[in-house]
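See below for the structure under consideration.
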Amino acid sequence: MDWDAGMDADMGSFKGHALPGTFFIIMGIWWTVKCILKYACKKHKRTSYLGSKALFQRIEVFEGLIIIGMAITGMIGEQFIPGGPHLALYNYKEGQWVELLNWHHFTMYFFFGLLGVANILCFIISSLPTSLTKLMLSNALFVEAFIMYNHTHGRDMLDIFVHQLLVLAIFVTGLIAFLELFIRTSITVELLRTSFIFLQGSWFWQIGFVLYPPSGGPAWDTMDHNNVMFLTICFCWHYALNIVVVGMIYAFVTWLVKSRLTRFCPSEVGLLKNAEREQESEEEM
Amino acid sequence: MDWDAGMDADMGSFKGHALPGTFFIIMGIWWTVKCILKYACKKHKRTSYLGSKALFQRIEVFEGLIIIGMAITGMIGEQFIPGGPHLALYNYKEGQWVELLNWHHFTMYFFFGLLGVANILCFIISSLPTSLTKLMLSNALFVEAFIMYNHTHGRDMLDIFVHQLLVLAIFVTGLIAFLELFIRTSITVELLRTSFIFLQGSWFWQIGFVLYPPSGGPAWDTMDHNNVMFLTICFCWHYALNIVVVGMIYAFVTWLVKSRLTRFCPSEVGLLKNAEREQESEEEM
Amino acid sequence: MDWDAGMDADMGSFKGHALPGTFFIIMGIWWTVKCILKYACKKHKRTSYLGSKALFQRIEVFEGLIIIGMAITGMIGEQFIPGGPHLALYNYKEGQWVELLNWHHFTMYFFFGLLGVANILCFIISSLPTSLTKLMLSNALFVEAFIMYNHTHGRDMLDIFVHQLLVLAIFVTGLIAFLELFIRTSITVELLRTSFIFLQGSWFWQIGFVLYPPSGGPAWDTMDHNNVMFLTICFCWHYALNIVVVGMIYAFVTWLVKSRLTRFCPSEVGLLKNAEREQESEEEM
Amino acid sequence: MDWDAGMDADMGSFKGHALPGTFFIIMGIWWTVKCILKYACKKHKRTSYLGSKALFQRIEVFEGLIIIGMAITGMIGEQFIPGGPHLALYNYKEGQWVELLNWHHFTMYFFFGLLGVANILCFIISSLPTSLTKLMLSNALFVEAFIMYNHTHGRDMLDIFVHQLLVLAIFVTGLIAFLELFIRTSITVELLRTSFIFLQGSWFWQIGFVLYPPSGGPAWDTMDHNNVMFLTICFCWHYALNIVVVGMIYAFVTWLVKSRLTRFCPSEVGLLKNAEREQESEEEM
């Protein structure tokens, strides 16, 4: 994520955690909006262009392009920042691996890139099953969790703990995406997944604040168990905040769809209401 | 839960465990009754007001208000008992966190408060999916289990063991609620969930008796492994007791519904029987 | 299981493991036969008394009575064998628990007794959901696994290892029964469950042979890791044997049903074949 | 796998890992091809012999024979290579087990043999549920994971780590096959399973390269944690490669089916398109 070779920002810095954090917060909010929009439009489906399948397909492709762009930028950044491996994997002279942590990040970006590719392929080739993107999302998250889990060997207690919580958030997100492959789910589960993406993003920021305080002050005492006790509840507070934010987005998007639609075609919506309500209750079951 | 500032009752006391225990026992029994009532009324659905949807919705709102009330009382109590943090999180003078264990309990109450809010919101806004309350219940339980798990650092073996069993009971309850999000379930699974809520409550009491004997006698030897061996089966006995209590509630509620209904409208019930039996057998599949 | 007070057979002996082993082997075989019989009869359902619902209900009650009988015998045996607790739980004089391991076994038997009670209740009270017996089976197995897990504290490596494998077999059985609560399953899954009950039984025998060789020779070296390596594959061989036995029972029962039915009513069976085949293929899906 | 008694190739060698690796790579590719072929043929099902049920049944039997052949060869090889146990299990003279690691491999092969037997039985006896082969696949994989897990006692860190990753890959494959027993799945999940089989194969090769470099050079430093860090991402790269290969196979097979079918019967395919597309979208849901 640190492609600006002029700055000495690698993952071992505040910025190195804030940047992926921002990425996941944006993705989380965006997916939440998209998911609620789809749900709200389904209820009013014959009334506007908003609910059309074509629009959502175009959005998918656009999303895929952005994800690929971000992933490639991240991959290049990880390679060519000062202190990066510059595509060298093994230093035969010194007989040791070159900057493995950067290669770790590189690999994570690569799998998110595959997600973007799957997004676009599903649009171009209509015979591909749509569950493919869900599978690739699940893959990208599991790979991220797996690498993160093996990432913090030999560090201090607090450092390991905050990364373990990150792994927990990532793994749960992957698990939900994986379950969605098997079982038809409701909007509740989808919002749960997007809120966990969001949680991941905000927790990246928290890690940055804990390990590399941007105020320039000293880092937290990484061997003090009270910090672990605090970060346990801090993680829950982040989650509570995310739930509230998702709720606010839900209220806003639902209001927006309803107000825009009723302005243009109030009567038709009224007529459809009964039919919709039945259909809706079936879906939620 | 210890809002009476005059008593020195915090979680590190018998009362501090008995109060949440009582709360969960009441919730467990109440949910069991509600669940069986719904099931029994469904069989006789056209015969009385008891089975009407409107009644159950009002009950949900009432339940939500009570949960919110309990959660707020608990949160205020945890903050303002003598020795509580009084809303202070960090003591900058001494450079340490203020009463983190109280903040832990505060966070757990907060998530149960969110469950109450979801209960009420689902009533007010009919477009919200009904699975939301189930999700918030699952969230509240998982958060509780997560915090409990990180709660007992550095204590004695027995103390950790009884809390681990508590975490087990909470986690299983959360897992069942989570599975109910995905898969349509029968009354058996719902009763399983409520009986685990009940188990949690009675185990809170057990923890109180083990760590802070109300008789004033000495606490159990926390390093004796025989106590662990006993508490293993004691946990199972609690569970067996809960199963029996749930069974008795089932018998009582079913008898009540049947006797009240047959008194008022015996013939109609008789006519409906065949139709009901078929429907019922489908549901149980 | 050792109710014969004249023998000094407690669980810490060959007989103490062979008896529950025999119980589970019998249950495993019986459930396998019942499950295959049901499946085979369903295919020929209008042709004979064998496939009637009434017969299977009576079998359930009979099964329930036998399980209750076995459980009560086991519970009494554990209490009153020489060296048993004789219903005393705590010795106040010496200030220690009385024979906790016997109480462990007692608790396990009790939960299997509950399974038997559920079996009978489901027959008597037709309004009870049929999934109740499955839930109680799952409960009994999880409780057994939970107690076994906390059962072997402080013993030698090999002793712990063989009991861990037992816990694995029990836990998997419980998990399958639990999943059957949620998801409609095919005969394959049911046979998997019964074969694991069978595995549990044969592994009990193996434990007896390993820890208390009936030949009177010395026990196996409990600290030699090669024994662990061997018992790993020995567990798999037991499983392979069980699969073969279940397969043979399948072949025998299917042949029996077919030959008996075709003898009495060959033409009708022929006519039904096409209809059955379709139905059957749906079920297996 | 090492049946050539003339070579001193046991599992503790490069060849001993390359051979099973090759086996799993072939199986993975073959199952991928078969799965995509089935999917593609289903879309064009009335148009050619390729999509007929009879053909696929014959393929299953052929597959079963090959698997049995491989398993028997492997079992015999493990027994009779120089240094193998030659069917002796216990050396009474020296009082120790004979070549337990070979017996481990022998057991794994045996369970894959059972998979082959199930394949053939399902063809011969039409009354057997088709989910049987899936169950046996899941069994074979779980047994393999279980034995592998208990296989590397007392070895060096790196050796254990690479085998743990292997266990992870095997266990996930088994889990997916197990879930397929319960829930009707889409082609995405099936391809996920076959790609994990493929991953297992390529990881076997990687283990060979790490522990027994075929170049004759020294093995990797098994106590250097940097190697663990590298192999973490190397595992992910293998997985990424597998995804790409599966994607290429998908493209190739789909193209092949389409081009061959349209050459022979272009008009009919065109007519069927609409009906197929609907059906297809249902399946993917």
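First chain written, first letter: the chains are A, B, C and D, and each begins at residue 1.
Here is the rule we use: contacts are C-beta pairs under 8 Å (C-beta built on N, C-alpha and C of every residue); 3 or more make two chains touch, one makes a residue touch a chain.
Chain by chain, the UniProt names read as follows: A, B, C, D = Transmembrane protein 45A.
As the structure is a computational prediction, the values presented were derived from the model and not from experiment.
Annotation: the chain A:chain B pair of sequence copies touches via predominantly different residues, less than half of the used numbers being shared. Distance from chain B peaks, on a Cα-centroid basis, for D. Once the centre of each chain is set as its mean CA position, chain A and chain B turn out to be 32 Å apart. One simple way to say how far apart two chains are is to compare their mean CA positions; for chain B and chain D this gives 46 Å. Shown for chain D are the residues in touch with two or more other chains, namely 183.
Judged by the touch criterion defined above, the protein chains form a single closed ring in which each chain touches exactly two others.
If you check each pair of chains against the touch rule, the ones that pass are A-B, A-D, B-C, C-D. Only residues 96-97, 100-101, 103-104, 107, 110-111, 114, 127, 129-132, 134-135, 139, 143, 146-147, 150, 153-154, 181-184 of chain D touch chain C when the two sit together in their complex.
Chain C contributes residues 43, 179, 183, 185-189, 192, 225-230, 232-233, 235-237, 239-240, 243, 254, 280, 284-285 to its touches with chain D in the complex.
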